[in-house]
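As written, the chains take the letters A, B and C, and residue 1 is the first residue of each chain.
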Amino acid sequence: MSDPKIEGYEFKPGFKGMAQDTGSDQTMFKGVHWGKAMMWIFLLSDTFIFSCFLISYMKGRGSTLIDWPNPSEVFALHVGGVDVPLLLIAIMTFVLITSSGTMALAVKYGYEKNRKMCGWLILATAIGGLTFVGMQAFEWSKLIHEGVRPWENPFGAKQFGSFFFMITGFHGTHVSIGVIFLFIYAYKTFKGHYDEGKRGWFTTMKGNYVEIEILGLYWHFVDLVWVFIFAFFYLW
Amino acid sequence: MSDEYENKTGYQAQSSETIGGGGSGTVSDVDHVRPAEIPEQDLYHGHSFITKWIFCQDAKVIGVQYFLLATFTGIIGLILSWLMRLQLGFPEAAGFMTAEHYYQFVTMHGMIMVVYFLTALFLGGFGNYLIPLMVGARDMVFPYLNMVSFWSFFVAVGVLLASFFVPGGPTGAGWTLYPPQAILEGTPGSGMGILLMCISLVLFVAGFTMGGLNYLITVLQARTRGMTLMRMPLTVWGIFTATILAMLAFPALLVGGLMMTLDNVLGTSFFMPTILKAGEVLEYGGGSPILFQHLFWFFGHPEVYIVALPAFGIISDLISVHSRKNIFGYRMMVWAIVGIGGLSFFVWAHHMYVSGMNPWFGFFFATTTLIIAVPTAMKVYNWVLTLWRGNIRLNVVMLWCLGFIVTFVNGGLTGLFLGNVTVDVPLSDTYFVIAHFHMVMGIAPLMVIMGAVYHWFPLVAGRFLDETLGKWHFWLTFLGAYSIYFPMHYLGFIGVPRRYFEMYDSPYVASAVGMNEFISIAAFIVGAAQLILIFNIIKTLKIGKPAGHNPWQANSLEWVTPSVPPEHGNWGEKLPVVHRWPYDFSVPGAKEDFITQTTPPSEVIETEVEKT
Amino acid sequence: MHPGIIFFLVILGSLLFHIFTPWYWTDIASNWGGMDSTITLTFWVTGIVFIAVCLFMVYCIFKFSYKKDRKAEYKPDDKKLEKILTLVTTLGVIALLAPGLMIWNQYVSVPKNALEVDVMAWQWGWQYRLPGEDGKLGTTQVININDNNPFGINLDDPYGKDDVLIQSDVINLENNQPVKILLRSVDVLHNWYVPQFRAKMDAVPGIVTYYWFEPNKIGKYEVLCAEYCGVGHYAMRGGVEVQSKENYNNWISEQETFNDLIAKQKNIEFENKKIVKNNNFLLNKETYKEE
């Protein structure tokens, strides 16, 4: 991505350039749309929330006196007569990462004003997200059926169920909110709201393809958090 | 819907305009400021009563809404403090009050004052009104989100106050809400009360995240031409840094509150170890109460700086304007604010020295806590050095500034006692702590709030508050509050613990009784003195002296709006262009003793100004 | 009246209050005089700073009050002055931190000859346990606690049998004998605090916390709970009696051990069985009669 063109401003490379931008008037992040900057800062805050969850989880797991259940066993699927450890999670991860890919492509086509491709790709992302949530719901129901509860479980330390449901629940809620927005944005794309700059229903501000990039940032964040949850909860 | 967007006032994009009109003369070169990077902001203008005054998107209206709601909540907090002082000073007169009630008052007073009054007032009230004006923007960058943030705060307050009316009453766990006691019988409000508290806090955090995004992006990305970060008034720096802290510290509160709610409602054991109650071992087990404390104080310590940093910023501007002198060491003041903000994330466990955490942490946190004293001290020196060789107007605003210096230095220095881990051991959980945090978090920021009200009232309402009433208000509040909290430190020295409903049957009774009575009476007087301000405001709005344009002869942008009070969009047709920092007071060679930020160099060519 | 005079009186009043206050710390009765010394040092450093800054402020508002034809000095900063002030402040901070950390180091390093005292906290009272003749405290568990085993001692732990049990709010300590207070809570947070000993630490359910001190003054002292623990927090009092070696030994020889408690209960059980037997006999007699 090249530097944006700004009348009367000369960009410098490297740290010197960053320092010059910081010391200049009007904006610190040159050419960055307000909505994008907002999403970055919101995601920073959200990162702190998930970090607090994961650090608390590590503390709880590190100090447990009762053995922690073995994730490979608990999260295994019995397929074709064979116990495949972590199969469901592997598929879920694949689906989510792919949906990040379709999202990135959607952003690209959006800026190229290719309405149809952009719309279909957003829809694909939404369906990917929906699939992820569906699989997460399936996993929840399977574990609940096996006796795992937030307050106790038959496999080991009480806190296993508590942390599992809380962290995946919080993450799943984030994914679901993203899916809702994705469906809305797919609709708006197909209807041409971003081409004609139609004013939004809530904020009454003009529509713009940058909104898709902003939602894309959120979606990649949700994907990245999943990678961390996957690593800390399931692989450790 | 569309006619609300027509540029009825004819805002022009200023991308190719320069002050000199694009001419080629030498004068316009001196005055040259880079053209605008982005087109004018698209503002939504409400036309109905509801869209102009209720669901309004104008940051100034939202600021006043925050101010009023925060003040209303603060008055409830004040009344709760009277009830507490009644019990402590005159227990026979407080016969209606049980220990349960007392602890509920203690908790609600604390939570209301810290979060719903001070944080909401500084960030939501002052932040919304002053930031766009001071950086030269027409409004906040996300006005709709800003509006939603206020109503989120409104619902949060509603839920909090609703907890007074649920079975069991509001939570009585102390504002720190420590488990396991917060959710167990034996602590008042351990059922519905604590649940509503947690819900209210979640709503508060959501609202302040929305507001916080507005304040940050407006400062970073919506400044006017010529407004660099180092030309912003310290008020903006204080609120800006505090908002960054809020965005990073509130998550820990959210997580702690959520986990405690799950422990309460679903019976999880995040914070709940094996517990024996009334002869029965409860279903909980394996949890850690200290984990909650770490999460809470990771939020809690930055929280006090979220209150303090805007106060630091505002007081710098008030002292500067009313001494007709630039703030001493502006760059150092900015770095101190940023430094204090950053360091505030590394000191939290000084609230936990006797919590039973790993003792080796004590060394680390004592060191970081005492390091943070250095930039804070630098700010204090710079405030008094601003007075040195100034031309000081001893009006009501300046009196509040002086009161702030005395109370903040006192309160900040007692922090050095508590921060030094060894000294904290005998003093922790005693009245010394209560005296310290009331002095530094309660009285000092209150001095700033009052000073700010008297200072900016002429801008918001177009009239001066009455000086004589103001002086009575100041002296009663300052002297009264100081005589409440200064002696209280000594109750801590004799070892009187905090959160004690009464001291009966104890050797402390005899010595503390008289002091408790005195403090209670002083508290009632100070509380009543605030009525003077309310009377003053009502009187001024009816028959006050009109202030006119820039009545204090200040430099910052909020004083150079085309109309007073500023209207929606702040600047009329043309956005301001900034040529200097806001502290060009008493510049040698200048005609007046102030030069506004928008004054171009060509108009003050014979002066020796600082290159900013 | 010029405001400066009132501010000056406030500063003077604060100083006088500090010098003449009847409310000051209790007479120290333990080895932690170092804490008191650090506090005194802190008072000197912070006191000088407070008075200096506030007097400087008062001087400024007298000397530099507003005159229309005067202008303030225009001096944006003074880098040299700022450097000096930063240095002096840092030195002041180090002067406070150094002794503080040295004494904290002592606080977290328990002497080898310290007697372990188990302080058990519950809503809303205290009870105590001493190691007994084998010098070691037995292990405990909350789930073991019942009327027959009020301290929850593990029955299969040999060290626990001779533990001295003090089922009272008041504990006796030997003068000039360091003690390591082991704090246990069975429900919520508490804190065992005697102002005269200066030391304190929270009792946290789920873990055992500790601190140590050496009492060095014979007398009776009140124990206050110093961590909010519910509606009974203010009423959760205890006592400590520091005695000479001789009196202490007399006292401890009179205390009950866990073995004694077990034996007492066996006796009661035996007596109860006898009564039950007799009752049954009477009942049987009744049935006999009916038949």
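The definition used in the following text is that contacts are C-beta pairs under 8 Å (C-beta built on N, C-alpha and C of every residue); 3 or more make two chains touch, one makes a residue touch a chain.
All figures in this text were calculated on a predicted structure; none of them were measured in a lab.
Undergrad: Which one of the chains is closest to the middle, using the mean of its C-alpha atoms?
TA: B
Undergrad: Measuring centre to centre, with centres taken as mean CA positions, what chain is farthest from chain C?
TA: It is A.
Undergrad: Which integer distance in Å separates the CA centroid of chain B from that of chain C?
TA: From the centre of chain B to the centre of chain C is 34 Å.
Undergrad: Using mean CA coordinates as chain centres, what's the gap between chain A and chain B in Å?
TA: 33
Undergrad: Per the centroid of Cα atoms for each chain, what is the distance between chain A and chain C, given in Å?
TA: 48
Undergrad: Residues of chain B touching 2+ other chains?
TA: Where chain B meets two or more other chains at a single residue, that happens at 286-288.
Undergrad: Which bits of chain B are touching chain A when the two form their complex?
TA: Touch list, chain B to chain A: 1-2, 4-5, 15-16, 33-38, 42, 44, 141-142, 144-145, 209, 212-213, 216-217, 220-231, 247-248, 250-252, 254-256, 258-259, 262, 266-270, 283, 285-288, 291, 295, 298, 578.
Undergrad: Please output the residues of chain B touching chain C within their complex, sorted ascending.
TA: 99-100, 103, 172-174, 178, 180-181, 184, 186-188, 273-277, 279, 281, 286-290, 323-326, 328-332, 354-356, 359-360, 362-363, 366-367, 370-371, 373-374, 377-378, 380-381, 384-385, 387-394, 398-399, 402, 405-406, 409-410, 413-414, 416-417, 420-423, 425-426, 428-430, 475, 479, 482, 486-487, 490-491, 493-495, 497-503, 505-507, 511-512, 515, 583, 585-588, 593, 608, 610
Undergrad: For chain A, which residues are in contact with chain B within the complex?
TA: 6-9, 22-32, 34, 37-38, 41-42, 44-46, 48-49, 51-53, 56, 59-60, 63-66, 150-151, 157-159, 161-162, 166, 199, 202-206
Undergrad: For the complex, which residues does chain C have touching chain B?
TA: 3, 6-7, 10-11, 14, 17, 21-26, 32, 34-35, 38-39, 42, 45-46, 49-50, 53-54, 56-57, 60-61, 64-67, 70-78, 81-82, 85-86, 89-90, 93, 96-97, 99-101, 103-105, 107-108, 122-123, 142-143, 145-146, 183, 186-189, 191, 193, 195, 198-207, 209, 222, 224-234, 237
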